[in-house]
Each structure stands twice: as structure tokens, then as C-alpha cells.
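Shared chain: chain A. Partners: chain B in the first complex, chain C in the second.
Now for the complex of A and B:
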């Protein structure tokens, strides 16, 4: 029996630690794929410390957790003392209130707080950005408080109340009695409450994910979007360092406590050993320093903001980031315009971007939606008219990309890229004879190896091409038929994806997927077995993504400067070389790799392009209808 | 302490908690009962909930199975830890807690690397001649993800309860003629019930509301209620339906914890890790 227990315990620890070991090993891997160890390197750690963005996120996380822990601990301890003195009935009610955030699932807490902030901030007070650092801090304090209260209350109950009476008999004021007696007695509860609050806050993803806006994001929230894209190994390096740090910290604390327990046992007297006292002071010192740093940051931060912060919200993998020898476009922009700091965040479908904007509570200065979404945003009055005096480089935009259907008067948008939607497939596993059209995505032979668009418009578009409907149909019966077609496909799908496609197709976990041509080229570069097919005869989507300024923008002029910068032919050329999409600026082509410019996937002939069609604006009720049909397909 | 002082000290806290826990739930209810486009009062969202019942049942099933597996795995481990020397107990307790401090997103992602068709486990299976198996994107993978992430939440309260069991009770039972199985079933197990109940709650609540685990380890048919809520808010632009679903999830959890507390006759402090 005992032996079985021992074996089970060992197995359980292996189970708990194997994934972490995998991550640690991956941080030393020269290759990018977690499953394939190609060689040993320490470069990931160098990359980590060069990545300002990642370090900044870590700093954000530490600021939020230190501040929220400090506030919740102070506030909570005082409250606990008060609650302890209440009548039993009232105390019970307050404790029920305290238990709400503890028992409520995180997702409900997150949702309810974000709705509260948006409702009060945007609807009642008319604020544009109600989801800020402060609301995130409040959310963290809210879920930290119960940990403090629930740890302090038992200590208060255990405490002999005659101790404070004695102190007061000896001439202490109630305040002195609290600081000299009570605080000392309940200290263990305060410390363990603070430690729990800090760890919960530092590692919180779900609540922060719902509550944070775009301008202040913590590490776990950004890691969530990292885990969709092919994850950069420096993230593993960061995990490894944090793992090591926390391990050493916890081990030291435990060992010291074990030592002091022994010392106590030996001497029976309640004298702390000297080392313990030193450690306590050191810990208190470090905590105070962190707190000062956090508070200091809050006071310093506004001064540092003589710089303009420009919030750019773009698709994932959609701007050259300096990897593979490309230009780091954002860094280059900041070099040229030192007074503007770009805060860059990503989405992976038009619908996600739209939801974020429509839900309110955030400030965004530049977005890059697709044609049909631009039309919708114009219709719903969610875009600002551009001032072309600030965008002189608009002159380079080719004539064929002006006066488009979605923005007929060129008032709101400047084209960024264009492209087609086709099928990416793996030639190693997929028989060329099967590659005949969109029906490949319904081919049962490849069940479990097919991916599908995780956004409604692109998914319905494919069904519409396959069934021979107009892609801009508003006929509910046709849309219903498309939903049925998509529902048929669901059982043979591996997954609905957006940014996740990169990792899955490149490591051959999946073999067939519809996607945007530019991204397909990127993936084909990473894996030579991949090929692209454009169903010319059935029809395919031809899209334009263009830069716009949403009506919630605060820095319109800086946003126009940014748009203008991206239309500089030299910058656009370098940028397109990396993202592999097609450029609407002929002038940019001379700065690009000649091979890319002549690639028929990027720049198909006019004959082929004639078979493509664009998604147009759909009335609001139809948009909602399509969205709800797609939700039903995915949830059904 | 004087009553006035107690009220003075606790009122700010009560006000804070009312504003940031009770009122937000009111706002959720408000959204649940209004139309996404017009903002007018409607019961449409509530009516639509029926469609999501299968998803809800699936979530409950998966998380109950996970909680049960956690109990089966966690109990012997907690029992083992509770019967070590004080030093070993501290170190083992720390080792159980440590994973909880690390990013659960990345740890779950590591499971993708282990389980996927081209993953580490399948590579090993291939080399030793068993061949590749469908491990990921199955209900079992989702349950595994839940068990992996929430097992510490089961072990820690179990350990706290078991370690407090008075050893003299066990000795007394032995003196009175119980064999080891009887000692366990008549003394140890009944005394660990509070730990079991709080462990089950602590696994069940996060498991039933997760969306990341099912997104990464599940397939197209392992959709959970958390996924649906997340999608309504982040993608479907229908916070109103999302709010209605959140209310249902919240009610479910409160009913479940209520039942648990009734069984456990918990005191007002609830079952937090001591």
C-alpha cells in the first residue's frame, strides 16, 4: 500500500513536471519547433533580453501584481479587523460577499467587470478609453481582496482578545494596541494572503484578458496571442528564467522556515534566529522597494508621456518584424519620428477587430481591416475621414486601387495590401488528382487533416463559391444552405483556425487549409512540401486590406503620419518582402525581391483575377445572421 | 472593539465589494436582457440559451470526470505527503504548488507539443513500433488538460485535511480491532470529506469554465461553455448572448458549490487552502 502510494506520487510529479521540462528544453533549441530538438543554443536568452516588447510586458505584469497586492493586503487587513468586530449576522453576510469572486468562475468575473467598466465609462460617462491601467488594477484588487481576508480572518479569530485588552490596560491607545499586538499576531495570515494574492495576480490570464484594453497589457494576455502564432522560442527562455527564479525563491523560503522551526523546537523560546530576522528584513525591504518602484512608475509615467503613444491594431504576422533579416518596420518608424511611440497589438480576423471596437472601452489610432469590413465601419460611422495633406505618399497608390466599391470617394482608407484566397496543401500527403477545387476541403479521405477558416465571412465565402451562390447574397435560405454545407464539413475538420495555421501547416500536423495567398507564400517558404492552389473556375475571394483611422482614435495626425510612412515605396517594398502579400504600390516593386514581384501567386494574370470577386458590405441584420449561423455551426 | 469602529473599518470594504462584485453581476443581467443591436428589453437571449444546453452538459460532464480523476490520483498523493517528515512535507508541498505559479497557457501548449500527431509522444510510439495514435483533439485530451492543470487544486486541500487528522483516532481504531482497510474507510476517509469536497469544487469550477484548454487540446466537437462565451464576446460581437450564458454558468456553479457546502457543513470561512 505504502509502496504503491510512493510510486503513484513519483508518477504524479513526473506528470506535473514533464510539460515544464519540455518548455525548458525548448528554450535551448536552435530550431523553432518544440517537438524537434535540433541543437543546443543560448541565443534565445540573448534574443529575450533584446526584446523590449516582451520585457515591457513582464514589467507591466509586475507593476499590476505588486500594486494590487500591496493595496489589497493593506485594505483587506484593515477590513478583516473591522469584519471581525461586526455582529455575527452581519459578518456572515459580508463573508458571503467576499466569497463571490472566490466561487465565481474567472470568466464570469472578467466578463462582469469588463461590462461594468464599459457600461459606466463609455455609456454613462462618454469616455472613449474606459479600459485602462486603472480598471485592470481595480480588477486585480477585486480578486485579490478575498485571498487576504480569508487568510487574515482565521488568525484574528484565533487571537486571544485579552491580549489587546492587556495592552490597552498598560496604556496603549487602540491604534497602538493594533500595531504592537494585533498586527504581530496576525502577521502570518497577512503574509500568506499577500503571497497568494501576488501569485494569482501575476499569473492571471482570464480576468485580465476580458478587462484589459490595448494600451496596457500584461504578459499572460499577450502570451495568449503568442500561442496562436508560431511561438517565438524566446518566450520559452522567459518561462525557463521565471521557473528557475520562482523555484529558487520558494526553496529558499522553505529551507529557511524549516531551519527556524528546528531552532524554535530546540530552544523552545520564542526567539527568532538572527538569520531569520535578517531574511525577514530583507524580504520586507525588497517588497518596499518593489512598491516604491511601482508607485514611482505611476508618477514618472505621465512625464515620460511627452511622447505620443500611437495605438496600432493590426492582423498577426502582418508587418515586417526584423526576423529573417527583414526591416523592423515599427522600430524604423520610431527612429524617424522619435516623438511617437507605437503600441502595437494584433487580431486575427476582421470580426475580432470589429468586436473589440464595437464593445467600446478602448482607443485605437490605426486599424487595417479588409474591404467588406471597411464598408461596414463606414456605414456604422466608426471611421474618421483622412486628411490627405498628411499622407502625401498616397500619390503612389495605383489607380486601380482607388475609388473602390467599399470606399468610393477615397475618404476613409489607404490600401495596404491585396491578395487572393486559395488552398494551401501538402504535396507529400495530398494527391494532386484530388486538388480540383474547394471540394478538397470536404474530401473525407483527408479527414482530421483539414483546417478551416475560423471567421464567418471567409468560411461562408468558400461555401458560397462551392454552391455557386453570390458571395454577397442576402438571401437567408442561401445562407442557411451554406451553414448546412459547413456543418457537413465540421466532422472531418481538424480545427477552425486563423493565426494558428502557420504552426500547424508548417510542421505538417495538418495538410489542407484555405488561406490568404500572402501567408501561404510565407508558409511555403518555411516548408517546401507546401503548395498553393487557386480554384479559378469556381471563383475565389479577391481582397484589399486598407489602413483606416477609427472614430475612437486620439492621435489622428500621428496616425496619418504612420499611414504615410507605410506608403513610402521603400518601406512598403521592404515590408511586403517579409509579409509576402501583394502591394498596391507599383513604385514599391523596385525595392522588392524580383522573384517576389514576378511570382504568379502574388500577382496573378488579369485573366485569372477576372474570376475573383470581392466581399461587399452586408446589411447589419445579415451580418449578425451570418455570424449567428456560424456560431451555431461551431457550437452545434 | 467598539461596534462603531468595526463598522468604520469594514464599510469601505463592503462598499468596494458591492461596487465591483454585486453591481457588475447586475450589469451582466442587464446585458442579458437587452437586444445587441437596439438595446431594448428582450427575452431573445434567454430563449436562445436552449441551443447551448448540449454544450453546457458537455462542459459539466468533462469537468466532473476531471474532478473525479483528480480525486483518484490526488488522494493517495496527498496521503503520502501527509505521512512524511515535516521537512519532506514542506518540500513536497512546494513542489505541488510550483506549477500553479507558472503560466498555464505555456504549460498547456507544451501538451500540444507532446500529444499532436507529429508530436513527441507519437514520435516515440512510432520509433518503438506501435505507430501513431490519435491523442490530441479528443475528449480524453481535454480531460487530460483539465486534470493536469487543476490536480494541485485537489492535492493541496486534501493534504491540509489529512495532515490534521489526529493520529490517536487511528490508533484507537486499531486498538479496537480494525484492520487497515477498516481504519481507512471508517476513520480516515470520513475525516477527509471536507478536503475532498473543497478539492472537487476547486477543480470543478475552473474546469467547467475553461476555454483555453479546449481550444488547444480539443477538436471541433469538444466545444465547452467557456469557448462559447469567449467567442460571443471576442468574435461574435454579441455580448448580450455572452452575458446570458455567463449568468447560466454562474448559477450552475453557485448551485454546485451550494450542494457541496450542504454536504460539508462548511463554516463561513469556506474551503481555502489553509
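Now for the complex of A and C:
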């Protein structure tokens, strides 16, 4: 029995800690692949400390966590004392009410807070940027409060109520009694409440996502949008540091507790209380210092910005950031235009970017949506017309990327990247003779080794090319046929994926998958058995992501300067080398890796390109219909 | 004669419509050791908390040194309290617990030091200054609680069942200790307990309470010997209480017989309660007795036997040093001074019948008392 217990305990610990260990190991790996430990290196940590953007995000996260924890702990403790003083019946009601926000799904809390902030900010206070650092802080305080109350209440209930009576009996006013006696008694509850609040705050994504503006973004929100490339190993390094920090903190606290318990037993009371006091003071000192730093930053930061702040909202990992010896594009821009400070934040899909803009309450000066989303934004009057006098480098944009379907008059957008969607396959397992077109994805010989797009638009697109329909069809019968085609494919699929494709294909767990050409190149670099095929005869998706200025922009001229900067052939070349998508500027190619430029995957011939087609914006009811068909396919 | 210090006038207290105190009128003299005695729920602790300032009475006044102090908060009263479970501050050591009140009052450090050490001597805890509270025994904690209160030199010390948590032996020692401290300091002690023995042995004055009302006030001997009603007679020691009729002064009739007694001043033929203490009854051979009964149960109590004797269906408790086995027929004699006559009261008929007597009787009442508040 005892033995079984021990085994179960060990298993439980393995279960709990294995993910952490994998992360820690990955952070020291020379290679980028998690599955393959190539050698020990500390370079990831060096990279981490060179990445100003990432450190900035980390600092933001810590500022919000520390401030919200401090405020929520103070308020929560005071509230708990108040609630404890209520009559039992009322107390129960109030406790239920304070607990509801905790049981509420985060997404509900997030959306409702965001609505509130935008309503109060925009309608009542007439501010354009109603989602700011302050709303983020308020939201964190809001969801932290219940945790503090929940931890402090039991300590208050446990406390002998005659202790406060005794303090008052000995001359304390009620306030003095609280500080001299009650506070000491409930301190363990306050500390555990604060720790809980801090960790909840540090790793909150859902609520933060909805209530933060673009000028102050926390780490989880940013990491979530890292979908254009696999997560970089320096992020593992940061997570390892975070995990280590919290681990050491908890361990120290527990050790101190054990020591003080032991000291109690050994009746070394005086010594013990002295060390405890020193430790308490040290902890209080550190907390106070963090608090001061946080507050200080808030007051100093706005003054430091005599410059223009330009809010750029882009896909995650969609601009060269200095890693792998690339150019740090934003830093370069800021160096050239010292009066402009770029505030860079990211999203992970067109739809998320759209909803963030449509919700309002934020200022964004530059966005880089995809073609069909641009059409939608134009239709909904959410973009500003560009002043091309401020974008002289537009001259370098290739003719074939002008007068596109989504922006026929070249009024709203400047192309940033483009690419094709084709099939990535593993030459080790897939017979070249089978690589004939989209039907490869339906080939039963490779059952269980095929991946498929997890988003409806791309999945239906493939079915449409295969069946010979228009990719922008609004004919429900045709769409129904596509759905049936996709349903046929489902039994032989390994899974529907988006980002997971990187690991699965590189590890050769799957052999065939449709994906974006740029990403396929990244994967092919990692695994030389991978190859790319473009079904040029059946047709394929040709997508363009272009830079636009949304109607909520404040710094239009600076935004145009930024767009112009990115169209500088030299910059575009350096940038594109890192992103590994294709550039619409032929002039940039001479600054790029010649191998990439001559690669027919990145730059197919014009004849081939002519067979590609772009997604247009579908009417609301059709896109919903497609979405529901796709859900049926996936679940059915 | 010492002067009056505190007076409670027509004090009533209600919680949620329930009357806890019902017209308490009471005064406390300077330097007095006064005990509020009663079963749980009688209102004694409520009275104490009102004096301490932790509760505000629903109506009535509390005067201290001639001034009404109903609205004076506890921290401004010259009164200190020793709480039921001591309420020592666990995060402070013995020294800091005792010094707490003095530090709040911002006394100079050397004076605090002098007074704390003086106090440690009085409660015999020298050398315990730096002990943590949870490393002290119950008795030691008790002394710290007393020292913490007394060091502030209050005019009045309130003690809320301070010995309830101690074992019997320690309780006896602490009773003597408390009495000694009270005499040494001359501070007025207001002591709350449900333990009649404790009340009788320590107090100058005992106030017996029940149902939010004062039943009797008096010196311990008077309370014991001259209980005012069946409740007091039963609560203070054991009593056999019988229905009787006062025929005239010094003549009472019960159990179908006339007895001589020492009481007078009742209306002719007034129905009365007759109290006979179990230890006052003399056992004699059946033929010589005023009454004859049969022993139905015997309990050995150490100093004596408690025997239950059936007199024509009515059972008495008799305490005797001689053994009388179950089934023995015995006679009893009652001397006039053993018979105490009381007016009828709301408590008549509720106490003093040992028909349902069992050995656990004492323990049961004691447990109930411990649970108060």
C-alpha cells in the first residue's frame, strides 16, 4: 500500500513537471527542433537579453502584475474585513457575489470589461484611446480581487475574534487594532492571496487580450500571436527564467516556513522572530521597490515621449527582429526617424485584427491584413485613403501587384508580401509519381499521414480548385459539393492543423500537408526531405498581405513614412530574407539571398502566377455558411 | 466602607428580538471582588461585555465614577479584561504581550520595562519574557493574560470565565492566585463564572443570574444559607425542595407533618418552598425518625456517599459518611435550623426533586456551562 502510494506520488510529479523539463531542455538546445537535442548552448539566453522588444513585453507584464497585485491585495484585504463584519446571511450573499467573477469564463469577463471600457471611454469621456494601460490594470485588479478575498476570509474566520476585542481593551482604536493584531493574524492569507493574484495576473491572456490597447501589451498576449513562424528558442529561454524564478520563490518561502516551524519547536523564539522579521522586511522592501519602479515608469514614460508614437499592428513574427543575424527593421526605422517611436503589437489572424479594430477603443496607425480582409475593410469604410506623395517608394512595387482585385484603384493599400499555397510533402515517403495535384491530399495510400488546413477558407479553397469551382463562389450547391469532398478526405487525415504543422512535418510524423509557400521554405530548411509542389494547372491561392492605414489612425503622415520605409528596396530585401515570404518589389531582390530569389517556390514564373487566384471578401451569410459546413465536416 | 464605582441602571439587551438582559440593576464597589454567577445563557457574559464597552445596551445606563459611559468605546475606559480563552497575541512574545497596552499608550520605554517586569513578578513568570505564547502552558498563558490586563493599572478588571479552560488542580491554584492578586493590587474584580464553588470561595459578593435577571445578590454565606428561590437553592449546591405550608411563624407543614423552623414573617397558611440541604440531614434508626424511607441508590463520592432515599414516592438526596446499602430502610431527623423556607416563585416545582437522579448529573450541568459563548 505504502509502495503504491509512493509510486503514484512519483508519477504525479512526473506528470506535473515533465512539460517544464522539456521546456528547460529546449532552452539550452543548439538546434531549433524540440525533438532533437543537438548540443548545449547559452545562446538562447544571450539572444533573449538582446531582444529589446521581448524584454519590454516582459517588463510590461511584470509592471501590470505587481501593480495589480499590490492594489488588489490592499482592496481585497480591506473588503474581506468588511465582509467578515457583516451578518452571516448577508456575508454569504456577498461572498457568492464576489466569487462569481472567478467562476465566470475569462472570455465573458474580458468581453464585458472591454465593452464597459470602450463605452465609458469613448461615449462618456470622449476619448479615442479608451483601451490603455489603465484599463488593463483595472481589469487585472478586477479579476485578482476575488482571489485575495477568498484567501483572506478563512484566516479572518479562523481568528479568535476576542483578539481585536483584547487590542481595543488595551487601548487600541479599531484601526490600530487592525494594524497591530488582525493584520498579523491574517498575513498568511494575504500573502497566499497576493501570490495567487500575481501568478493569475502574470499569465492572463484572455482578459488582457480584450482590454489592452496596442500601446501596452503584456507577454502572453504577444506570444499568442506568434504564428507566422514557429516560436523562437529565446522564448523558451524566457519561460525557463520565469519558471525558475517562481520555483525559487516558492521554495524559499516553504523553506522559511519549515525553518520557522522548527525554530518554534526548538524554542529559539527570539532568534527566529528576528530572522523572520528581517526576511519580512526584505520582502516588503522588494515589493515596495517594484511598486515604486512601476509607478515611476508610468509617470516618467509619457514625458519621455516628446516624439510621435506610431502604432503598428501586424501579424506575429512578421517583421525581421534582429534574430538569426537579420536586420532589426523597427530599430532601423527609429534610428532613421528619431522623432517617431514605433509601438509594435501583433495579432494571429485577420479576423482577430478585424474584431479588435471594430470594437474600437484603440488607436492603430498601420495594419497589414490579407487581401480579402482589405476588401472587407474598404467596404466597411474602415481604411483611410493613402497619400502616395508620402510614399515615393511605391514606384518600386511590381506592376502585377497593382490594381488588384481587393483594391482596384490603388487607393488604400501597399503590398507587403505575397505568396502561394501549395503542398508540402516528404520525398522519403511520398512517391513523386503521386504528386500530380491537389488530389494527393485525398490519396488513401498515405492515410493517416496527411494534414489539412484548420481554417475554412483555405480548406474550401483547395476543394474548389480540385473541383474546378471559382474560389469566391457564392453558390451554395457548389459549396455543398466542396463540403462533401472534404468529408471524403476526413477519414484519411491525421489532423486539421495550423501552426502545429511545423513540428509535425519536420519530425516526419506527417508526410503531406497544404501550406503557405513561405512557411514551407522555413520547414524545408529544417528538414531536407521536404519538398514543395504547386498545383499550377488546377489553380492555387495567391495571397497578398498589404499595408493599410485604418480609420482610427492618429499619425497618418508618420504611418505613410513607415510604409514608405518598408518599401525601400534595401529594407524590404533584408526584411523579406527573414520572413521568407515573397516580396512584391523586384528591386529588393538584389539585396536578398540570391538562392531565395531564384527559387521558383518563392518566385514562380509569371505564367504560373497567372493561374493563381486571390480570395475576395465573401458576403456575411456565405462566409457563415462556409464556416458551418466546415464545422460539420470536422465534427461529423 | 468603600465607595461605589460602577452602577448599572435598568439595563436591557436584545439580540434579534430576543431579550438577553431584562432590567439589570447593580452596583459595584471599589476594591470589591464581585462574581456574576449563573448557567449558560443567563446574561452574565453580556453584562460583562457591556461594562467592558464591547456591547451597547438596548436601554438603561452604565455609570462609571458617576458619569454615564454608554457611548465610551472600550479603548477609552479605565477597565481591562481577561478573556475567556485569554486572547493573547500569538505573534508577540510574553514581554510584548504584557507591554502591548503600555506601548499603545506611548509610555516611556524605561517605564514600560519597569512595569512589565514588576508584573511578571506578581504573576510569577520571571524569566519567561521572550517565550512565545504557544510555548506556554494553559496556566502560564492565563497569568500572561492577567498581567497584560493589570499592567495598565485599570480601576476595574473584568474576568470572563478565566479558569474554564484549565484542569481542576490548576483551577484551584489559580483561584487562590487570583484572590491574592486582587488583594495585593486592590483593583475591583468583576468575575464571571458558572462554577458555584469558584464563586463562593473567591468573591466578596455573588450575583446569581438566570434568564437575564438577577435572582439574588449577597455574600457567599448568605447566598448558600438563605437562597431566595428554588433556582438559587438548586444552583448553589444541592437542595431537596419540597412543597409546604407556613402555618405560622416558626411552624411549617410538609409531608403531612408539622416541623419547627427558624423562619418567620410569612402570611398564615402561605404555600412555601421548603429547602433541606442534603448534608444537613441526620440519619437515625427508622423508629426514631421524623420520616422513614428506603434507599434506592448509593454513589460513593470520596468524602461521603450520595444516597437517594424514597419517601412515599418523593426522592431525596442525602449526603452521609456512613454506608447504607440499597434497600435499607432508614429514618431521618430534621432540626429547625436545617429547614429553610422560601416564598413560592416561578422556579417552584422545577428543581430539588431527585426522582430522575443519576450519577452523571453533575457532569452534565458542568459541560453545559463550559459551552457558554
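General remarks:
FYI, the second predicted complex is superposed on the first by the 523 of 636 C-alpha atoms of A that agree within 3 Å, B and C clash if a C-alpha of one lies under 4 Å from a C-alpha of the other, contacts with A are read in each partner's own complex, and residues count from 1 in each chain.
As a working rule, contacts are C-beta pairs under 8 Å (C-beta built on N, C-alpha and C of every residue); 3 or more make two chains touch, one makes a residue touch a chain.
Because the structure is a prediction, the values reported are computed rather than measured.
Looking at the shared chain after the overlay, A:354 reaches chain B, while chain C stays out of its contact range.
In the superposed model, A:531 makes contact with neither chain B nor chain C. After overlaying the two complexes on the shared chain, residue contacts for A:467 are found with neither chain B nor chain C.
Judged by the touch definition given at the top, the superposed model places A:176 against chain C, while chain B stays out of reach. Contact with chain B, but none with chain C, is seen for A:231 once the two complexes are overlaid on the shared chain.
By the touch criterion stated above, A:166 is placed in contact with chain C alone, chain B being left untouched. Touched residues of chain A were counted for both chain B and chain C, and B has more of them.
Of the two partner chains, chain B is the only one touched by A:82; chain C is not. Of the two partner chains placed by superposition, only chain B is touched by A:97; chain C is not.
Comparing the two interfaces of chain A, the one with chain B and the one with chain C have no residue in common.
If you check the complex, the residues on chain A that touch chain B are 1-2, 4-6, 8-9, 12-13, 15-20, 22-23, 26, 34-35, 75-76, 78-79, 81-87, 91-92, 94-109, 111-116, 119, 138-139, 142, 145, 147, 149-151, 153-154, 174, 196, 199, 202-203, 205, 210, 219-220, 223-224, 227, 231, 235-236, 239, 242-243, 246-247, 250-251, 254, 257-258, 261, 349, 351-352, 354-356, 358-359, 448, 455, 490-491, 493-496, 507-509, 620-621, 624, 627-628, 631-632, 634-636. Per the touch definition, chain C reaches chain A in the complex via residues 52-54, 73-75, 79-81, 83-85, 87-91, 93, 100-101, 104-105, 130-132, 134-135, 148-149, 152.
Across the interface of their complex, chain C is touched by residues 160, 162-163, 165-173, 176, 180-181, 184-185, 264, 267, 269-270, 273 of chain A. Only residues 1-3, 5-14, 16-18, 20-25, 27-28, 30-31, 36-37, 51-52, 55, 73-74, 76-77, 79-81, 86-87, 90-92, 94-111, 113-114, 116-120, 123, 134, 137, 148, 151-152, 180, 201, 205-206, 208-209, 211-212, 216, 219-221, 223, 226-239, 242-243, 246, 249-250, 253-254, 257, 268-270, 272-274 of chain B touch chain A when the two sit together in their complex.
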